[in-house]
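Chain naming follows the written order as A, B, C and D, and within any one chain the residues start at number 1.
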Amino acid sequence: MKRIAVVTSGGDAPGMNACIRAVYRAGIYSGVEVYGIRRGYAGMIDGDMFKIDRRDVGNIIHLGGTILGTSRSEEFRTPEGRQKAADQLLDKEIDGLILIGGDGSFKGGNFLSEETGIPVIAIPGTIDNDIVGTDFSIGFDTAVNIALESIDRIRDTAISHGRLFFVEVMGHTSSFIAFEAGIAGGAAHLVLHDGHQEVEELCSHLQTLFTRGKHHAIVVVAEGDQPGCSFGIAKTVSSRIEMESRVCVLGHTQRGGSPTSRDRVLAAKLGVCAVNALIDGKGGMMVGEVMREVVFQPISEVVGKQRETDPRMAILSRILTGY
Amino acid sequence: MKRIAVVTSGGDAPGMNACIRAVYRAGIYSGVEVYGIRRGYAGMIDGDMFKIDRRDVGNIIHLGGTILGTSRSEEFRTPEGRQKAADQLLDKEIDGLILIGGDGSFKGGNFLSEETGIPVIAIPGTIDNDIVGTDFSIGFDTAVNIALESIDRIRDTAISHGRLFFVEVMGHTSSFIAFEAGIAGGAAHLVLHDGHQEVEELCSHLQTLFTRGKHHAIVVVAEGDQPGCSFGIAKTVSSRIEMESRVCVLGHTQRGGSPTSRDRVLAAKLGVCAVNALIDGKGGMMVGEVMREVVFQPISEVVGKQRETDPRMAILSRILTGY
Amino acid sequence: MKRIAVVTSGGDAPGMNACIRAVYRAGIYSGVEVYGIRRGYAGMIDGDMFKIDRRDVGNIIHLGGTILGTSRSEEFRTPEGRQKAADQLLDKEIDGLILIGGDGSFKGGNFLSEETGIPVIAIPGTIDNDIVGTDFSIGFDTAVNIALESIDRIRDTAISHGRLFFVEVMGHTSSFIAFEAGIAGGAAHLVLHDGHQEVEELCSHLQTLFTRGKHHAIVVVAEGDQPGCSFGIAKTVSSRIEMESRVCVLGHTQRGGSPTSRDRVLAAKLGVCAVNALIDGKGGMMVGEVMREVVFQPISEVVGKQRETDPRMAILSRILTGY
Amino acid sequence: MKRIAVVTSGGDAPGMNACIRAVYRAGIYSGVEVYGIRRGYAGMIDGDMFKIDRRDVGNIIHLGGTILGTSRSEEFRTPEGRQKAADQLLDKEIDGLILIGGDGSFKGGNFLSEETGIPVIAIPGTIDNDIVGTDFSIGFDTAVNIALESIDRIRDTAISHGRLFFVEVMGHTSSFIAFEAGIAGGAAHLVLHDGHQEVEELCSHLQTLFTRGKHHAIVVVAEGDQPGCSFGIAKTVSSRIEMESRVCVLGHTQRGGSPTSRDRVLAAKLGVCAVNALIDGKGGMMVGEVMREVVFQPISEVVGKQRETDPRMAILSRILTGY
């Protein structure tokens, strides 16, 4: 293993830069050259890559986004596109690839690995935290804390006015951000995906709370596969319980910003272990952290699966919002 | 002047608590009792008020919102409602009123003062910064910095993906937040109110930028009287310049949060001067800060007016977004 | 179990309020009254306690510090003091105690439990993270993130000037904050406790870095049992490698501030489980989180022990600072 | 005016990057090339400069520090050093210089302008805010807000423990940061420079407060010309009023970090006006903002002077800390 490359793909996540830096440093530490591929798989197909230099990764550990850029590439979904990408890697004599991204990117990376034999180590980097095979993905902790900060701000105005707020958080079809930010933010209720039956429960819960003397409430809504869904929910609830409400869709603010310590340390750990795994001859694997231990699993076994939230979070949430 | 009351009315703004604290402390300093009225004019009509104690204003200087609560009261818009409110004040032997709020609240406060003779000093507290007679309203600086923080986060993801973002900021029909946050956030363009002709200019400006090699852009949109207007603008622009875009409406997150130093110091200054003004026999006046000097103006002369933005901000914005 | 009490003792830690709120809400959920004891063990001895009401824990989830207050009590170190405290609890018909604090407080709580038979459940709350029997203590994640934020700021000026900085972080004799904040902050070196031999290594490491072209460096120093120790280290290093340096002791800023999501969720979990444990008849136990599972251990087995840092953190740190 | 250069000198201040970006963009807007000089006057003497490109100033508006680097140069204090620097500028055919820095840097810049005839426009950039001829220097607002954030955190722990804290803020021999952060942070007392007589007053003031029932207090100390002076003050006060205390020296954390909106807008304004001034043939002038208007004054009239704080701040502080 003389030369490896690192690529960030799909949605960006805070901590990706800390991970790129760790990959570079772990490479140098082991005498391996590290190339950076720009603009995700699109850049890989175009051969848009460069040898990373110390200065490229200087002063980036704290920056959100990814200095390499990212994209979603249609062409890479085809075997021809992946072959072009592989040719570019071979042309640069790159012996292994580290891929930082989410489920969609992992699928492409796995095909690349299987079709061309290029060893690929995948690192979970997505704010949604929906990758199986790891307890946490890079970017999740930061996204939760940003959502939480927004909820704290909204609480100030919710209390001052005695208002009902619906705060929609990201997380795609998973509810990890909603659970953490909702519990940490003292939400009165969490709305998860399969919405309909929940609205009944929500209305009755809110009515109980307001009857008991509560004057304001924040309901945290998981976006699900329909970002903006909270407007409809708010309308239904407001009309049923006859109380005005406000909606706040936090949106892309949750994607950016300086990564938290947890995300940076996770990025460092996974980045270093990914490099070592390539050097050790591994390929087609995802590196994750489970029960605080670094673990490897075949990418094929983690892609396309829906990670479940811990059922104990639902119980915890019920107890804490019970009053 | 033996006993005064303080009320927060209309939309809450960060720094209101620092102002309440200053009013209380300035009162104590001058031997005047200070009452707090809960829930704005609605609470005043109900006589929902209490003698403020040292502990009530302890550890609140840094909190967003208002510990007194606030509301918009229909009843106070009628002479009968205002008479009820005045009766409550007289009943508690309150000799003067300090009102922290925005234009709508000032109107009501001015009627109260004129109709009942109760001396009222108004303090501008609104994130919109649209009150004439003061360079800054309490809460504006905080709202701008929160909007800016969100823009900074969005920039991370905008750059990483090479994307076009529309970020809608608050400010009602005024553009103060949009100007400050847009210039400070390095926006590629600002969309102010009278939208239509601007969209043409915006499209052509963005096309010039992208032709020159820029890969991403953030357009800051002032909400105007139609919050959510940025969705329509984004759709029009995206279809015309054939580039995908994302929208982020910052919403009520801009209302809450810990006030900045500037907002707290302004709140302290205006709170202290308002108390001294009541003691000096003033009434029916708004206290503001103009050119860094504390000034008083009749409330009747500031209400119902649209404060204009400094035309030099538009020039500055044009120069800075020119490339 | 009809009535329980909660006390915060020793150094305060962000997230204690979120924990008090969770204890209260879990109590209500199970039909148990919850009393709050003011000023730690000192307040317990004085009988300074009150029945917690919904409003007492409203809008506190995001606040640093502890609304109950805390202290270090000499009197409680004596059997007589503890008996007085127990009498106060019995007088109020309190059937169980939840104690949020660190090692020193746990010792006292354990004596109380053993001597008087009052069931005590201890919850680890200390920014130092030095309690055995739990992977994380409440407050640690927040302290690390505050330290990190400061390091990020110092990096700006360190790079601009090409300077060497020593940043001393809290953590008492443990190095958890130093490890996390150092790795996350991109420190060039970490100085842990048994200082002397390290200084040699540090000087040689820094010289290597500067020879290779690095212009600035941040060294993170664990305070150990001598807060302020970094001044001496800086002096020695500066004179040996002939390079000016600056010192920044982060101090008590690391103790306060709004808790992170991680700390609030941990506080919620442990608070709820502590209440349930009392109801289930447990006593003399600490509730912690190990490998993401809630676990209980006898307080007697966790007190007085020094929790070790994970040796893999040292390896990770060496790889990442190797260049 | 075909080519100008920009240099940052002396202590770095948040907002310098926003100013460099504004200088570059204003240059492009007017068809003037802009060079960046690295490492302050030291880099100028070495000819360490480069033509700024769009990408150099992309995504820097929100970064603390200065991408150009800065330094304090002994050689530039000599006429020979300045002549070398001027030769470098002439060699690159640079027709004018924009200097961002503080009083010390202005002196050097003024000598350069007077001795060599190179037009120099100075922009005040220092967190100390001690430059006469401008109401605000770039970086001051950010430094105040960082100090304030730290004070807010310390308040959490001060209240929880009922403790006396001394918080030392930067500002060199000026007290601007101390005044703003002290008033905004709800300090119980401010200690300014000429210390001795104040300590008497401080002790008596604190004793009054504690007698009245206050349990904690934060005293904000201006560092003056002896950083670390608060340790001595704390010791004296603690022994006189027989109350334990803690000291926190905020130090260089106040220098870095993302600039506030106010600092970025000020940086934008002054940067643009400085470029226009050079184009208009001005030289030897400082551009500042007074009473919200951009003003120019001869550098010779602003250097070496001590800017006074507004006496009304002292009165305001006395009223607010009176209880």
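Assume contacts are C-beta pairs under 8 Å (C-beta built on N, C-alpha and C of every residue); 3 or more make two chains touch, one makes a residue touch a chain.
Everything numeric in this text was worked out from a predicted model, so none of it was measured.
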Where the centre means the average of the CA atoms, what chain is farthest from chain B?
-> C
Mind checking the centre-to-centre distance between chain A and chain D? Centres are C-alpha means, answer in whole Å.
-> 39
Intercentroid distance (Cα basis), chain B paired with chain A, Å | 35
So, what's the distance in Å between the C-alpha centres of chain D and chain B?
-> 28
What positions in chain D touch 2 or more of the other chains?
-> 152, 155, 159
Which pairs of chains touch each other?
-> A-B, A-C, B-D, C-D
Would you mind writing out the residues of chain D in touch with chain B in their complex?
-> 18, 21-22, 25-26, 28-29, 54, 59, 61-62, 135, 141, 144-145, 148, 152, 155, 159, 180-181, 183-186, 212-213, 258, 260-262, 264-265, 268-269, 272, 291-292, 316, 319-320, 322-323
Residues of chain C touching chain D in the complex | 8, 11-12, 14, 39, 63-66, 69-71, 146, 149-150, 152-157, 159-162, 165, 246-257
